[in-house]
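Take a look at the structure set out below.
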Amino acid sequence: MTKREVGDAIEAAMQERKLTFADLAERLGRPRVWVAAAVLGQHPFTPHEAKQLVAMLDLAPEAAAVLEQIPTRGALDGPVPVDPTIYRLYEVILVYGPALKALIHEEFGDGIMSAINFRADVERVPDPAGDRVRITLDGKFLPYQWG
Amino acid sequence: MTKREVGDAIEAAMQERKLTFADLAERLGRPRVWVAAAVLGQHPFTPHEAKQLVAMLDLAPEAAAVLEQIPTRGALDGPVPVDPTIYRLYEVILVYGPALKALIHEEFGDGIMSAINFRADVERVPDPAGDRVRITLDGKFLPYQWG
Amino acid sequence: MTKREVGDAIEAAMQERKLTFADLAERLGRPRVWVAAAVLGQHPFTPHEAKQLVAMLDLAPEAAAVLEQIPTRGALDGPVPVDPTIYRLYEVILVYGPALKALIHEEFGDGIMSAINFRADVERVPDPAGDRVRITLDGKFLPYQWG
Amino acid sequence: MTKREVGDAIEAAMQERKLTFADLAERLGRPRVWVAAAVLGQHPFTPHEAKQLVAMLDLAPEAAAVLEQIPTRGALDGPVPVDPTIYRLYEVILVYGPALKALIHEEFGDGIMSAINFRADVERVPDPAGDRVRITLDGKFLPYQWG
Amino acid sequence: MTKREVGDAIEAAMQERKLTFADLAERLGRPRVWVAAAVLGQHPFTPHEAKQLVAMLDLAPEAAAVLEQIPTRGALDGPVPVDPTIYRLYEVILVYGPALKALIHEEFGDGIMSAINFRADVERVPDPAGDRVRITLDGKFLPYQWG
Amino acid sequence: MTKREVGDAIEAAMQERKLTFADLAERLGRPRVWVAAAVLGQHPFTPHEAKQLVAMLDLAPEAAAVLEQIPTRGALDGPVPVDPTIYRLYEVILVYGPALKALIHEEFGDGIMSAINFRADVERVPDPAGDRVRITLDGKFLPYQWG
Amino acid sequence: MTKREVGDAIEAAMQERKLTFADLAERLGRPRVWVAAAVLGQHPFTPHEAKQLVAMLDLAPEAAAVLEQIPTRGALDGPVPVDPTIYRLYEVILVYGPALKALIHEEFGDGIMSAINFRADVERVPDPAGDRVRITLDGKFLPYQWG
Amino acid sequence: MTKREVGDAIEAAMQERKLTFADLAERLGRPRVWVAAAVLGQHPFTPHEAKQLVAMLDLAPEAAAVLEQIPTRGALDGPVPVDPTIYRLYEVILVYGPALKALIHEEFGDGIMSAINFRADVERVPDPAGDRVRITLDGKFLPYQWG
Amino acid sequence: MTKREVGDAIEAAMQERKLTFADLAERLGRPRVWVAAAVLGQHPFTPHEAKQLVAMLDLAPEAAAVLEQIPTRGALDGPVPVDPTIYRLYEVILVYGPALKALIHEEFGDGIMSAINFRADVERVPDPAGDRVRITLDGKFLPYQWG
Amino acid sequence: MTKREVGDAIEAAMQERKLTFADLAERLGRPRVWVAAAVLGQHPFTPHEAKQLVAMLDLAPEAAAVLEQIPTRGALDGPVPVDPTIYRLYEVILVYGPALKALIHEEFGDGIMSAINFRADVERVPDPAGDRVRITLDGKFLPYQWG
């Protein structure tokens, strides 16, 4: 069984049981983006969480071990995403990437926003002109440091 | 004169005058990310702003017209960014893109976060374990709508 | 079952029953291009429509859930289409893309034609010199707007 | 002088004289999309039109010969457009390309919409929910025909 | 069953029965290149021809419907062919493509040789210094015509 | 001076003197396709021809040496041609390449059509339904031969 | 059965019987490089050789027909080989390709070394400083010849 | 001055003085392939050789330092060579690469032919059926060795 | 059975038996990085080691032969690694590659660090500011040597 | 002035003055790899260091500001390095990347070796069988940590 097969099984079970990622996140006591990413194969679950998921969604018993594995990450099929919802995030990098880099350097000096010591969130922001999607990317600043 | 040449001239003038994008943003009454993106060639300035910049930074007079042009956008040299600060944003899409898509659909239904009716911000969040970079991406939700 | 497998099953059933996309569109009360795109995996059907299709074309019952899923969009195998009928649309972008951009900006200012709040149509236009294909792309204008 | 240099000179002269592509199109008696594409290097002007443009915009005399040359066409820098306004047209092919192909075949049989015997137009369609961009692609149907 | 599977079945049956594409072409009353291309999945057969092939080569009955489908064309695995026999045709474009373009424009004006209203042939031309392969590409000239 | 610069100078001189490649071919006693390819940098001229061209078109004297050099061949900017006139030749390979290979093998056995011991021609074939472009590719058959 | 499947079966049988390509080459009376290439799917065997191989290695009877087919050649997965043993050959082209071209032209004039009328060999050359691999590439010189 | 500029200057001086790479090789006491590769920017000359070349070919004095630099190697413009003379070498890898690898392993065990401790030669081999190009690649065998 | 399938079986058996690569390395008397690379398909095991592994992990008997085969090396799916742990190594080349090259040349002269006569190690270095990963790459210097 | 131009000027001045990167490193009190990387445009110098370099190497005064800029990093021309000295590092990732990942995870758990809080060194290790290049990559371990 691969991470992808287990992820597909989880999504099918969620659809059948009318469970959302928010529901899963609540039951596991984990943030929603983390849980969705983990189901989609990008994070390992703890042994305890893996067992909970197998029980809760009636997965095959051998799925637990797969859910615990540290994954080979990377969830897109090519270098440029083709799905429009994901492409818009890529377009943000194309248009605003260098501006964000310039402002990080202006504010913090030479370094990066970590994508490892990192969390993200998605929120719905009500707006009379149409509700808005607010995505927060929040990572530790890592200065270039020779050691 | 190209957008890139004018942008380079602005950055040189900023360095000489010890001006930051935050300073420029304040003088123009515009958000910082927008101003940095516009200087880097991704947004047109209004004729008034273009004149302000030419005066403030002592640019060549013909720079004003260039600053007003609607640009051909796209600020990277290839499909995958190589600069580490920008690459981390790309890695976020590789690892979390499908999770963000899943949660947008769970929350809003089928559609996208607009990258056009869109704003972004970068903040420094103090943290005893090391300050954090918080990037907010905030775009209008656009449902798939046949017309 | 994947979107592609269900789509193949629908097309096989259509061929057997001599049904066209126009027929399906009429029975579902939906535009033709939308229906063809949805069958080819690019749009979710409503639960009601999914049931109609399963009944009308005698599909496997589990196809309904697949038809309702929000898809990961993108229907080509590579960045440049190789099929001649689809390539001609790509050639139109290669040759006329920047001209269309210039005229959108001339007419509306800085912004885009939405591909989300969007509809398309294909018509046959009789012409004594040979009938013509007329494709209409019709999307909401979205001005660049910082929020 | 290259096509691109002459095109840049024309656009600079247009900006200075506050002329639009619509103005040029009217003076030359040619459709707007054709004129914009030709200025951007994708179509040759007739000798008469080339002279008109040189006179009207005070171009260098040797520009006329360049404007008359049959171009090596193709106006993008890479296989996938990065400018958001042009990318949306590409996204339409990614999402709707196979559906448009299916409907062309359903309506006309095996063949293509010509991109050579072809015209395009861009219109503004007023809409209370926000004006719309309507792009019409109109090409002769060419059936596969062995000779 | 896919076009490729049916094509493989036809080639296996041809090998077993010692039939060539020339034999098939004669029995179907079609040119050889067309028949070879159609067997390799690039052209639809008429219903009558599909039935003939199924009978003649003892194919599975459901192959007939597959043979009649309008294909998604494109018979190579990547943008640059690797097989030496096919690569030589590509090399001809690399070396002579712009020359052929220049001469088409010199002879006909601005336009293309259609690849749709098109036929091709392969002949053996005896030559004492070694027989020659003569490939004829013959397509209707299509002038750029705005409509 | 590069091959490209000399080629551009030749084309400019031809345009000024209203000379075609056919005229050049006649004066040099060489076939048209060969001459066009050589002007476009794909074949070396003999010293005698190089001198003739310099004299006939009043080129810079140092052009002669450049025209005599054996070129680094390859006249396109990327693996897939974007100019529509040249792309149609590429499309012919995509659609008919494997069929041409199959027929070469059927007729000659295992081997290739040489692109080195090779000639090509372009003709205009009058046709009441629209004149046709006939391109002949004629190369020596080279059987795979181990030595 | 594909060429690859038959090749895998041959290699498995060779491993089991402790046979080398040199052994096969001797039994078939063919050069080693040719035999290895043919087993790896790059050359057709004669019907007699195919039968010999089937008998000698106890292959499935239908393997014979596969071994006789003229292959679609090309034995790498991408344009740049990743296996270090094969990459070194590619590196030789990157570093010495233009030098080899210059010397072929210096010695023979304009033309190529055929890769069709071609043979190759690999030898072990004893050397006190470490034995050497000597690869000989030996192809007929083909001058550019218009026919 | 870059390696390429110095190389171009050397080739121009050779053409003017009717010197071949073989002549240069003889005067420098170096093998021909090495000298051609070094002129084309792939090897550093010794200070003594650099001075000899500057004197012999009347190069600019600052060329000597450039000729002595250790180069950033790699002499092609893209991953797949387009020049036919160089492409044939690449085709040899596509067709025979895995066979050569298999025979190196059969003869020597696991390892590679070095492209660093390496020499190459090009010879003309007279043959009544047409002279042959024989390229010898001769590199030290390096076994995989963990240290 | 392929190298990948056997590698997956080994990893599954390791997970079940709570064995690490360090454990395997100790039992086989081989360095850890070598063993991990070999399990992941990049090095052949000796017949003795292959038998040990089959016995120790209760693998299918035919796995032994697969483990002994010299592999076609290369363990990534594309030219740029997407997994963040592996990407960081690639980023090191992007940022420090030319610097490492310059220092190798400064220290040793023209040549390379062998990746064949090569060993690597990974260590944990305790550090109060957070433990560090130290990777040592250690290869024989190979000077460019014409032979 | 660009980073590359200043870097070229520094290398020219070093060559003229017979200075090595080791010399520069000593004078600046910085590690050699860092200094080489910074000269090659990958790290900003402090204002003090920039002044030292300008004085020491007699650079143009405006070089100082360029040396202080935070760079857009990435020092290769394409995704796969072609220079053999740098390619060997890339080959190490192709062959050992997944093994290094597996051992980092075995030793530290899920996370990465930072390429930002990172230092590298190159040493010459004397060895009777030929001196060795030892490259040490030493980065802080960063565990995946949601925040």
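Think of it as A, B, C, D, E, F, G, H, I and J in the order they're written, each chain with its own count starting at 1.
Basically, contacts are C-beta pairs under 8 Å (C-beta built on N, C-alpha and C of every residue); 3 or more make two chains touch, one makes a residue touch a chain.
What you see is a predicted model, and the numbers here were worked out from it, not measured in a lab.
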Request  = Touching both chain E and chain H: give me those chains, sorted by label.
outcome  = F, G
Query = Looking at CA centres, what chain is most distant from chain J?
reply = E
Ask   = chain C to chain H: how many Å between their CA centres?
value = 54
Ask   = Using mean CA coordinates as chain centres, what's the chain C-chain G distance in Å?
value = 47
Contacts with two or more other chains, residues of chain D listed in rising order = 72-74, 76, 79-80, 82-85, 91, 94-95, 98, 101, 105, 111-112, 114-116, 118, 132, 138, 140, 142
Ask   = Okay, what are all the chain pairs that touch?
value = A-B, A-C, A-D, A-I, A-J, B-C, B-D, B-I, B-J, C-D, C-E, C-F, D-E, D-F, E-F, E-G, E-H, F-G, F-H, G-H, G-I, G-J, H-I, H-J, I-J
Message = With touch defined as at the start, can you tell me which chain D residues reach chain B in the complex?
response = 15, 80, 82-85, 132
Task = Enumerate the contact residues on chain J facing chain B in the complex.
result = 65, 69, 72-74, 76, 79, 115-116, 147
Inquiry  = Going by the contact rule set out above, which residues of chain I touch chain H in the complex?
reply    = 31, 34, 43-44, 70, 72, 98, 101, 105, 109-112, 114, 116-119, 138, 142-147
Key: Complex interface listing, chain H residues touching chain G   = 20-22, 32-33, 36-37, 40, 42, 73-76, 79-81, 83-86, 88-108, 111-115, 118, 120, 122, 124-125, 127, 129-142
Chain B partner contacts - residues on chain I that touch it in the complex = 80, 82, 84, 87, 91, 94-95
